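Alright, structures below, take your time with them.
In what follows, chain A forms one complex with chain B and a second complex with chain C.
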Partner chain A sequence: MAGVLDTSPAARAVTRGWSDLTIRNVFIIPTILFLIIFNIFPLIYSLGYSFTDFRASVNEPANFVGLQNFRELLTDERIWNNFWVTAKYVIVSVGGQMTVGFGLALLLNRAMPAKGLITTLLLLPMMMSAAVVGLFWRLLYDPSWGPLNYALGLGDLAWLSNADVALYAVAITDIWMWAPFVMLLSLAGLSAVPQHLYEAAAIDRASAWYTFSRITLPLVTPLLLIALIFRTMEAFKTFDIAYIMSTQPTTELISIKLYKFAFQEWQTGKSCALAYIVLIMVLAITNIYVKYLNKVKER
Partner chain B sequence: MAVVTSSRKKAFNRVAIVSILLITLIFLSPLYWIGTTAFKPRSLATTVPPTVLFQPEITPFIKLLTKRVQLTKAYDPAIYAASPWYEQRIYDGGERILRVGPNIQLSQYPNRFMNSLIIAIISTIIAVSMGTITAYGFSRFKMAGEADLLFFVLSTRMLPPIVVAIPMYLMYRVVGLNDTHIGLIILYTAFNLSFSVWLMKGFMDEIPKEYEEAALVDGYTRLQAFFKIVLPEAVTGIAATAVFCFITAWNEYAFALMMTNRRAQTAPPFIPSQIGSGLTDWTVIASGTFLFLLPVAIFTFALRKHLLRGVTFGAIRK
Partner chain C sequence: MAHIRLDNVTKKFGLHAAVDGLTLDIADGEFFVLLGPTGAGKTTTLRLIAGLEKPDDGKIEIADQDVHQWSASERDVALVFQYYSLYPRYTVRQNLAFPLKSNARNCSQAEIDERIARAAKTLRIGHLLERKTDRLSGGEMQRVSIGRAIVREPRAFLMDEPLSNLDAKLRESLRAELKELQMKLKSTFLFVTHDQIEAMSMGDKVGILNEGKIVQVGTPYEIYNKPKNIFVASFVGSPSINLMPAELANGHVTALSGKLKIVAPRSKTNGAVTIGIRSEDITVGPKEQVAAHIHDVENHGVEKIVTLRVDDQFFKATAPSSLELKIDGTVKFSFNPDKLHFFDAASGASRA
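Moving on, here comes the complex of A and B:
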């Protein structure tokens, strides 16, 4: 009997039923295959099309055009403008989320009644559909009878139909949705700061600013960075909320341009090329994000 | 000195608590506005100044769920008196509910809501089952290149939907999966699978290996130990993961917009499409939005202990 020689339970289990190796493979391989078939294969498919002049709306075979799509895209000022709009959106929206979210966390990080309830209520916007909620913000922003202008006394300021303001209006809605996300991560960081550090600082009569900048901030920074990178990546990919809320050219984010290329102008080949440019940028941010995530996990 | 500090601290504390309460009210006001507009008479939905106090009514929901046409004939008290109460509400607004024979015609909303429900539930079941066993595999067995494989899994989640949607649309066109439930279920499963693997791996890592090893000593096979010992221990994690996956699929807009237009259309692309060219009845939009957001609001409360874990793919557990 094998068990007499090798008494480790795992080794004995090998002799009964499936081996560990079989189980590992049966449990993992289908998932990997599924992801390859439905995520990686389409990307290979579109890489092929990115070198062609294929149009999905006409029944003509695709012609190989080499790097022409990429050349045209990278020298097209309008595309650069879309990237510029996206960059502006990312900075305004993520900057706002970080500020508001961290501020909320600092306010919430104390003993107070109904803290759990308040935290959960604040997190509600984050869980909701950006498209559906964004649509309703159009009513809130309405220049003639929207409650927002009335409450703030802004008269008939046109938020979404004004080319100069529209991007900020969309960003405000996005900040409303995602500042709670930053708050949630910041709260986790703040509550992990050991209380004795604050007590020691109090004994040393350290100023409030000194305590904040030397104790609180360094210990919260890793989680703030995670929030920052994740939100940057998500803001860069933003489609729903901007597409639903505004039709202004000043809110045409790169994802919206991509959608129009692919599904309205039917420039399939070119859209595949642009998709690849966007993809490489997203993967670069993802890489940084996962590195940080693993770093924090190891602590 | 100590007394002075603590009384100053107390005052600061009080100011902080009052401001967070005020901010919470401001934060919730858009949701409050959706919730109240859903019960407003149409005439009060877009007034200046905005109407805050009003007699709530159910009419927007009746309008949301039924097909209606403008009254062409003059108001007829006999017909009005003979109609059930819900049709009277519509009649009051100068419209009538469309009927074919005796059957009331429903609007497209119930159908789109059901599509959302079916697609979200089925894709969640598949993503969570596959994610759970894969997470167990990653959690318990050593493997060459495990970190790279896990990165690969997560990176598929980060792909912008539009980038995946363009080739998927072309491929679905070939196999006839555009505008089908199965088409969207596959996409949402793929999208949620990586999330489910990462989140479940966090939960699996927390179940002590000793439990299974004890079972193995008792003569269980590894597979029996997984089903009888590990799975029951992981139930909370599985439930939390499932709710997260459901919410993601339920909320998803971009794929649904590009891949469906009629048969398999879900609620997120449908609700905005209700805004036609004419005057928008915001009470109907609000009631549709309200019904759509309600399950998510309830789930958020159910999930509140796991939210941090969920939004960081299981990396931060607290």
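Moving on, here comes the complex of A and C:
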């Protein structure tokens, strides 16, 4: 058997120089090491802190306080208010992104001139830094000389310092920035619907709406759900643009509160506890989505 | 219920004309079979009639109305796609219900159920109704695809090789079912196939298509017995017609390097011709005219197909299965002079 033509996998690996095992070790071990050092370890370490009264600003040892941080946080009405603000923000911003993004994708999903160019231009907001976007929209929103009020004829509506409007103003900016992401995924989903199904539906004399709801929508739903998962997770932990754009208490998202606990009040232990609460919430929400996604895919 | 007319229709893809100046007239209630080799433009023709493609030139009429501006759905024809095009994620029943639910047809649920049951029975897919279409075999998908057409009452049925993926037995019985359905509904059928047996056995009329052009239209009898040229003659019939060069002079045909000499049945102009003769028009037996070498014998049950050789000319003949024939032996044969086809040696056009 040990002839010249031995083509078993093992023999080929030998001629290639590296065995599959070597390749696995070379590529996977560093990755795992990095993950442990920069992700897993801090995660566990901060879990430890969340049960203490540790303050990173003072040179004192941490005392174990049990569940006190969690108890305090979960009974604090102001924290619940932060969660409420976050929930409103997530619903408005993700809802807007899904609507606008999917709508744009529907408009773009046809043969038209300069389609590639238009798509690329529409993707630009997504590629900008959130800090730049925040500052830029602050200018747009400026009550006295901002172009937005001028264009919409809204007089001197103070978008960002009006407690009732500020959160929505931030959400609009987020929609502007991230709707293209939803659009991109939707476009991928829409162009994956085989053309011959539309032909069959036309032959079967299906109305435009019937075709959309029975053929297009079911086939793009999985991708829409993936976009929804990503955007919900991201929106839930939004910090940058909200922090840059407004200082209103009505725009104090949970991550801003978290930042204040950790780096302004230096309540390291408590902030770790809050971070864990947020983490568990995000995990719970995404789990629901993923379950639903799997169910949709099975169908 | 509609009369379909194509007048000089051309469809180009790039520079290549898939359908090239096609003129076709399909009478109301006719079972018309479009027969042609692969790439002939059969699918393109159906798609043009269905409204899925727009012609570059020419006119298409359905029920005497120019349908150029009409969308596929307005044309109200049922099309069985060559590659089925079933709706994914839906069950067979939902696929069959789709055309009934999706438009202003306003079928009651009872009526929908009844029509689905009827179609399922015809196509023998009753046991599959609750199955998702992506878990079907090719032949099952094909039948569902036919079902989606026959649950409707369209103005015309267009079917693109609807039986190509079925086993011989099922194909035979569905041929009969479809034919019966057409007689019952009295609707216009345009049936595409590359299988000449299917064409000959089903069609009221057969149109032979090649390279985007209609070569001949006629009843199966006309196509088989009066082929317009060599292409048609060799496309229909199995085994295919024997063709050989011959010389026509003084009322006689001479072929097989002078060994075969037959009185030409009708007056023909002299010169070089190609003669064609079908295997069943060659008689094999001890009392016949010319000796030939037996190259091969295929046993087909009711009959034998012998491949004979005279010098280096091969041809096939049909012999009764009782006749004793040995490969590499010798046998005598003769051609039936009334059944000879004459074609122009250069152009291949019939010289009848």
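Quick note on the criterion: the second predicted complex is superposed on the first by the 265 of 299 C-alpha atoms of A that agree within 3 Å, B and C clash if a C-alpha of one lies under 4 Å from a C-alpha of the other, contacts with A are read in each partner's own complex, and residues count from 1 in each chain.
In this text, contacts are C-beta pairs under 8 Å (C-beta built on N, C-alpha and C of every residue); 3 or more make two chains touch, one makes a residue touch a chain.
Note that this is a predicted model, so its numbers are computed, not measured.
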item	value
First (chain B), second (chain C), both or neither touched by A:223	first
A:140 touches, of chain B and chain C: first, second, both or neither?	first
Chain B versus chain C as contact partner of A:88, first or second or both or neither	neither
Chain touching more of chain A, residue-wise (chain B, chain C)	B
Partner chain(s) touched by A:132 [first = chain B, second = chain C, both, neither]	first
First, second, both or neither for A:203, with chain B first and chain C second	second
Touched partner set for A:214, first chain B, second chain C, both or neither	second
Touching partner for A:260 - first (chain B), second (chain C), both, neither	neither
Overlap of the chain B and chain C footprints on chain A, listed as residue numbers	202
Contact footprint of chain A on chain B as seen in their complex	5, 13, 16-17, 19-21, 23-24, 27-28, 30-31, 33-34, 37, 46-50, 130-131, 133-134, 136-138, 140-141, 143, 147, 149, 151-156, 158-171, 173, 186-187, 189-190, 193-194, 197, 213-214, 216-217, 219-226, 247, 250-254, 258, 267-269, 271-272, 275, 282, 285-286, 289, 292-293, 296-297, 299-301, 304, 307-308, 311-313, 315-316, 318
In the complex, chain C residues that touch chain A	50-52, 71-73, 76-79, 81, 83, 85-89, 98-99, 101-103, 105, 148, 152
Footprint of chain C on chain A - complex, ascending	196-197, 199-207, 210-211, 214-215, 218-219, 299
Complex contacts: residues of chain A adjacent to chain B	9-10, 12-13, 16-18, 20-21, 23-24, 26-28, 30-32, 34-35, 38-40, 42-43, 45-46, 49, 56, 104, 107-108, 110, 112, 116, 118-133, 135-137, 139-140, 142, 144-145, 147, 150-151, 176, 180-181, 184-185, 188, 191, 202, 223, 226, 230, 233, 237, 239-240, 244, 255, 258-259, 262-263, 268, 271-272, 275-276, 278-279, 282-283, 285-286, 289-290, 293-294, 296-297
